[in-house]
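Working notes, structure below.
Chain IDs A, B, C, D and E follow the sequence of writing; residue 1 opens each chain.
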Amino acid sequence: MTSLLEVKDLTMRFGGLTAVDTLNFKVEKGTIHGLIGPNGAGKTTTFNMISGFYTPSAGEVLLRGENIAGLPMHEVARRGVVRTFQHSTLFAELTVLENALVGTHMPFRPNLFAAIFGWDKDARNGAEARAREALTFFGLADVGHEHAGDLSHGHQRALGMAVAYASHPDIVLLDEPFTGMNPEETKHMMGLMKQLCSDGITILLVEHDMQAIMGLCDNITCMSFGKFLAEGGPAEIRNHPAVIEAYLGGARHVA
Amino acid sequence: MIELLAQTGLNAVYAASYISLVAVGLVLIFGVMGVINFAHGELFMAGAYVVVALYAQRFVPFFIAVAAGLVFVGLLGLLMERALFRPLRDNPLGGLVASIGFLMILQALAVMGFGVRMEYIPPVTQEVIAFSDKVRLPISRLYVIIAAVVMLSLLWYFLKRTRFGWALRASAQDPQAAALQGISVTLTAKIAMFIGAGFAGLAGALTAPLVSVNPYMGHSIIVTAFIVIIVGGVGSLEGAVLASIVYAFVHTFVTTFYDGVIADITGLMLMLIVLIVKPTGLFGSADRA
Amino acid sequence: AGETIKIGFLAPLTGPVSAWGKPGLDGCTIWAERVNAEGGIKLEDGEHKIEFVAYDNEYDPAKARTGATKLIREDGVSFVMMLGGDTWPGVQPVADRTGMLFSTLLPSDLSPDTTTLVAPTEVHPIYIVTGVQWLAENRPELKTAVMCAQDDALGLPSVATYLAAFEAAGIEMQDDPLLFDPATTDFAPVVTRLLSSNPDIVCLDTCYSDYVHPICTQLFLQGFKGQIISATADFYDQMIAKTSKEFMEGFIFQFPDFDDPALNAEHINFPDANGFYTEYNKRYPGQWGAVSWEYASIMELWKLAAEKAGSVDPEAVLAAMQEGGKGQHAFGEASWWGEELFGIDHALVGDWPVVMIEDGKARIKAFVSIPDWYDQHGDLLIKYMTKYDQMWSQRS
Amino acid sequence: MFIWTVIAAILFALPNLLSFSQQEVLVFLTINILVVASYRLLTLTGEWSLGHVVIMGVGAYASAMLTKSSGLYVPLGIVMGGVVAGLTALALSYPLFRMKGFYFLIGSFAAGEIIRLLWKRFREPFGGTKGIKGIDPMPDFSVGFYDFDFFEPTSYFYFSAIVVAICLWILWRIEKSPIGLTFQAVHWQDKLAQASGVNLRAYRTLAFVIASGFAGIAGALLAHYIGTINPNSFDVEVMVFVLTWAIVGGTSTFYGPILGCVVLTILNEVVLRELGLEQTRPLIYGLILILSILFMPNGLESIVQKFTRQKERRSLRPEEAK
Amino acid sequence: MLLEMRDINVNYGKISAIRNISINVPEGQIVTIIGGNGAGKTTSLRAMSGMLPLKSGEIHFEGKRIDGMAPHKIVAHGIAHVPEGRRIFPDMTVEENLRTGAFLRKDKAKVENDLKDVFERFPRLHERRRQRAQTMSGGEQQMLAIGRALMSDPRILLMDEPSMGLAPVIVEEIAVIVEEINARGLSVVLVEQNAVLALELANYAYVLESGNMALEGPASELHDNEHVRAAYLGL
């Protein structure tokens, strides 16, 4: 059986530097998969290659067996791979509802002539319904008319996920969604992700917050200096000597 | 033929000189203030009018008038910084509109002060270095070449060898973070505006006896300067100088061997081709666009 | 005295082309003061003062149209003077509809479609043939020429005319005319190219003074020693100062200073040219140029016609102006002409002065007849005009 | 609906309240409204072009040439002007949309200058520097109760106002549609938009082509009114005016740029001229630009917004009281 | 008292961000400010380094009043700020970024020494000293921002969430750094979401809640405070 997403010998070179080096891992459908590693290990670069932001120097990105490496970002998105960004990247000047509506771009592709003459009532209603559904899912239903830039930090994070959710993704790539959150908010966010997952959406997660990683992931891949280091469940990874050495350290300050 | 090539080469060196003075000023201002100074051509014009007012009408020695041109236009730059660009720091489109307004004002003031007619400026010197009968470099043009080389070298030294260069780059990239390193962003902005505008004024003042000085003379120079800084890569001083040289040679040679209108089209095509091949110009980096 | 008569002045007064409008308005102001001081214009119903109403068209056809509407329909002017060029086609529908009498400096605006537009002073660029003819007659040793021109609406017809004139005079062109962009400021490359073929004559075409001055300076600095011919040489004293008296000696062009004694001659129709020149220079020192007197001379023509007609009704004035196919041109009686080139005989053509710089001062050397030249060489002119798409039927 | 009827009635009455030359200004103003409104559509995607006025010129040239040479019916020519302008934009989008921001700004300027140089250089068929004269006017016709005489500014105003109103309606529909939203998304966060499946290049091009098409229609309207066009009618100075209208008016609402166009045109063409400030006009206009941007950084629209918001609040209060 | 903030109020436009905040930083101590999102921690730090104008209140540094001064003047007094969001200079190389941190310093030899120091602490920065800062990974940029602040040889270091985006091993390293520079006599103001870490390091702590000062006290006391444990430590 093919996995939902598989990277095969994925490699990215910047000049003389090999940021990602023949990396291999598989993400199974319906799971939350963690990708961890020291700073500069190549996690964001891997995300960028999967999502089409970079074209890999070598290797393949297989989505349900189809190689999507090198496709432009919007094409990758249309195949069901949707990413969110480090920091809260949102349409700050648009309202929350409008943000979510942009997210419905793929399921309800706008049509110019229909839009002018108003023949797209169904599509618009459908898009709005989906957008509201996404907002409700992430507890944002009440703030739909506010500008995204005015939202609190936590709400902005939730909105970022709602935008992704609205586009009916098969798999979402989340890059450090927990940064800048206090333990309370982290817990809330973890709840949201579990909901996403139970909604049938696969998650690939990069994070340095071990509370979140260990609490969420079914499977964790650890990389270091661009290379595969270890893989396994949270318990396994937590106690993996190489991972402790390269990444976790004494974990004196980590929950 | 050799002579024609040599003379054309000399013509091109001169053109490269004044174009690069103007273009470098424009880049400096864009780099630090983040606005496109549409009034840059009019600063050039203002420099020329200083020479009209002092040298042509009041018989102040030419080089003193040129220095005055540099300083006066530099001060205009400071005025723009204080009155327009500082209040509009977070509003690049606003800065653009303000510079357009300033352009109109400068033009109108020139018309009111001096009339629309071309101004007369007595020649500074009529001496010519004659390499041969057909290869001649007028001293007045040599002044421009020397001034460009000297001023650009000084600027280069100033930027690379003094802390100001750091300050300039840092405040261009992130003014707030620059302030946190102890850099006075306002001072940096003032210096950049003074130098940027002053260079335009210097170019205008020096070339004033060689061109027809009128209130609308800024237009063609700014069009050229725009092309040049785009080809060079916005924000890159080296790029601006290199592109000035390339543009001046291409334009001058095409003018001499074909004609002036073809030269304009060639210049623009050159720019489009550079941009198609490298959308950020020769020296530009992708993220500053 | 009766009601004041208003004359529209519809030309660029601001912007880059304003040098073609503003000095003309200044000249007209002086002209009007002089006429009004003598009581004004004498019509059937008595004397009337004259007043100019100006509208700045910024050399934009749309604004010119607005201006024409305002002048005619709101200010009630009796005659509208324009620079013409780009702005005329915008005004043309207004002229056709209102029947207002218009004048232009540029006869290339003429066409049979509009019967109320006249080009009564500067029959640009046809008059330049006189300079070439005079040069060929008086300096037969000059055999070869080169030419440059700005690539615009004035440059091209005049290129065609000079080519015809040189061919008629048996002077050989050594190179195709060199066209440059009107925005050019550095003329060294242009001059280098011109001089590369060692010509006897350098022809500057109808360059504006913004071009003539730097080109001459460059010719001087790049060591040219031959003959220069140009349509205009406004502010030639400055050119002399920028080059040298010797260099400019013998420079030929077509626009006299109005203190020239030759303008006191009986056949000249510009009243007290010398006095006008003095007054103009007093008020606008250093601003005298071709444009300064041309609009005023059109007014003089109009005034004579209006007085003859006894009214300012445009139709009547035009009829009086053109009575017998003759008109009172500034430089003497002339004929209404132009059918072949412009499709209509609305250009006033007669003698035109050939001016030469002698000992640092412009002097009229001769008045040469344009119609005579045309009778002999008209086919050449038409050939080149056709080549440069300048015939009225070619104008799109 | 009622409000639109009132506006229509006012527009109908408007020319009769004006002097002849003001009627002329009104015609040009109407056309310019379409120019800024179409420009706004492009700026929705965050790109500021300096070639918009040249594209408008492409429409003008196309319509003028088609009606002149092949005798195309003028209204069809106007539509074709829009089509040709749109197609030109489509061709230009290939090189131009490799650039962004400042590069696009100057790149579009260069592309425009090349087009203008081509007009100047090729007397056949573009007429060279003199451009095209004697462009066919709109053929007069009668609708029973009103005789359209297109020499009269009033008639042409009614005609162009109808055309412009239709165009504005379409532009407005687009802006308020999911497509308009996508344009804004492309502007504010192009990466996030892309991650939502938006084809950036396609949407940028779409906005450019639509905006250019309407600019082309505006150009054609202008050409058939004045009867002449030349390369200088579409030079960067005109562009600068469009740019200042759009920015001084404001960039956050549909009506902002239109407001800027109306207010600045009235100030420049009517008020300053009436004050007899013929020759100091550029000076005062420049001052107005600077002061308005300094004191209204969010544009004229911000005043309107303040006003309407106050109204909203006022109308809310009684409900709160309940 | 090295740094003293008295009754500070700061507004963003019309919106009040912090109200009547007083914070004292004694010489040689580590002080932490904790609080939820939007509590006003960043705002407080920005007020200290002069990046935001005060609505009211006073700030004294070594007895001199510094509020109202331009930020670059305040920095010259010896205040270094690791800003939220890193704010590195994207087009400069790593080394250039670090040297910009020493912009005001004249003691060349010591600057070189400090540079070596930073490179030793963050070998990754040394390895990449010629790389354009923008292309560094998120965590690498954070290291760079901290290194840059250290390069100014400050008297007091304001750190806004220094552990953000860093791998657990590096977070430990940061803790070590803070302890070490503190041992050298530097004062530190630490803003952290990772309250466990912050309270462990700090001598004294302030708790902000939606712009108001909710609690303050010695760090060890707050660590045992019920409310703090529930709200910020996730216990």
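By definition in this document, contacts are C-beta pairs under 8 Å (C-beta built on N, C-alpha and C of every residue); 3 or more make two chains touch, one makes a residue touch a chain.
Here is each chain with its UniProt name: A, E = ABC transporter ATP-binding protein; B, D = Branched-chain amino acid ABC transporter permease.
What you see is a predicted model; the values in this text were computed from it and never measured.
Participant: Spell out the chains that contact chain C while also contacting chain E.
Facilitator: The common neighbours are B.
Participant: Going only through chains that touch each other, how many steps at minimum separate chain A from chain B?
Facilitator: The least step count works out to 2.
Participant: Tell me which of B-E and B-D has more C-beta pairs in contact.
Facilitator: Result: the pair with more contacts is B-D.
Participant: Quick one: which chain's Cα centre is the longest way from chain E's?
Facilitator: C
Participant: Please identify which chain has its centre, taken as the mean of its CA atoms, farthest from the centre of chain B.
Facilitator: Ranked by distance of C-alpha centres from chain B, the top chain is A.
Participant: For chain A versus chain C, what separation do you get between their C-alpha means, in angstrom?
Facilitator: That pair's centroid distance is 75 Å.
Participant: So the centre of each chain is just the mean of its C-alpha atoms; given that, what is the distance between chain B and chain C in Å?
Facilitator: Using C-alpha averages as centres, the distance is 36 Å.
Participant: Between chain D and chain E, what distance separates the C-alpha centroids? Give it in angstrom.
Facilitator: 51
Participant: Could you tell me which residues belong to chain B and also touch two or more other chains?
Facilitator: If we look for residues of chain B contacting two or more partner chains, we find 111, 223, 261, 264.
Participant: Note the residues in chain E that touch 2 or more other chains, in rising order.
Facilitator: none
Participant: Two or more other chains touching the same residue: where does that happen in chain C?
Facilitator: In chain C, the residues touching two or more other chains are 14, 151.
Participant: Hey, which chains are touching each other here?
Facilitator: A-D, A-E, B-C, B-D, B-E, C-D
Participant: Can you name the residues of chain B that touch chain C in the complex?
Facilitator: Contact set of chain B toward chain C: 4, 7-8, 11-12, 14-15, 111, 115-118, 120, 122-123, 126, 128, 130, 133-134, 136, 138, 141, 209-212, 214, 216-217, 219-221, 223, 251-253, 255-257, 259-261, 263-264.
Participant: Which residues, counting only chain D, touch chain B once they are in their complex?
Facilitator: Counting only chain D, the residues touching chain B are 48, 95, 98-107, 109-111, 113-114, 117-118, 120-121, 236, 240, 243-244, 247-248, 251, 279-280, 282-283, 285-290, 293-294, 297.
Participant: Show me the residue ranges of chain C that touch chain B in the complex, using the header's touch definition.
Facilitator: For this pair, the touching residues of chain C are 14-16, 18-19, 22-23, 151, 178-181, 183-186, 188-190, 192-193, 195-196, 209-211, 213-214, 217, 220-223, 235, 238, 241-244, 286-287, 289.
Participant: Quick check on the complex: what are the chain B residues that touch chain E?
Facilitator: 163, 166-167, 169-170, 173-174, 176-186, 285, 287-288
Participant: Touching residues of chain D toward chain A in the complex: what are they?
Facilitator: 170, 173-174, 177-179, 181-182, 184-185, 188-189, 191-200, 206, 210
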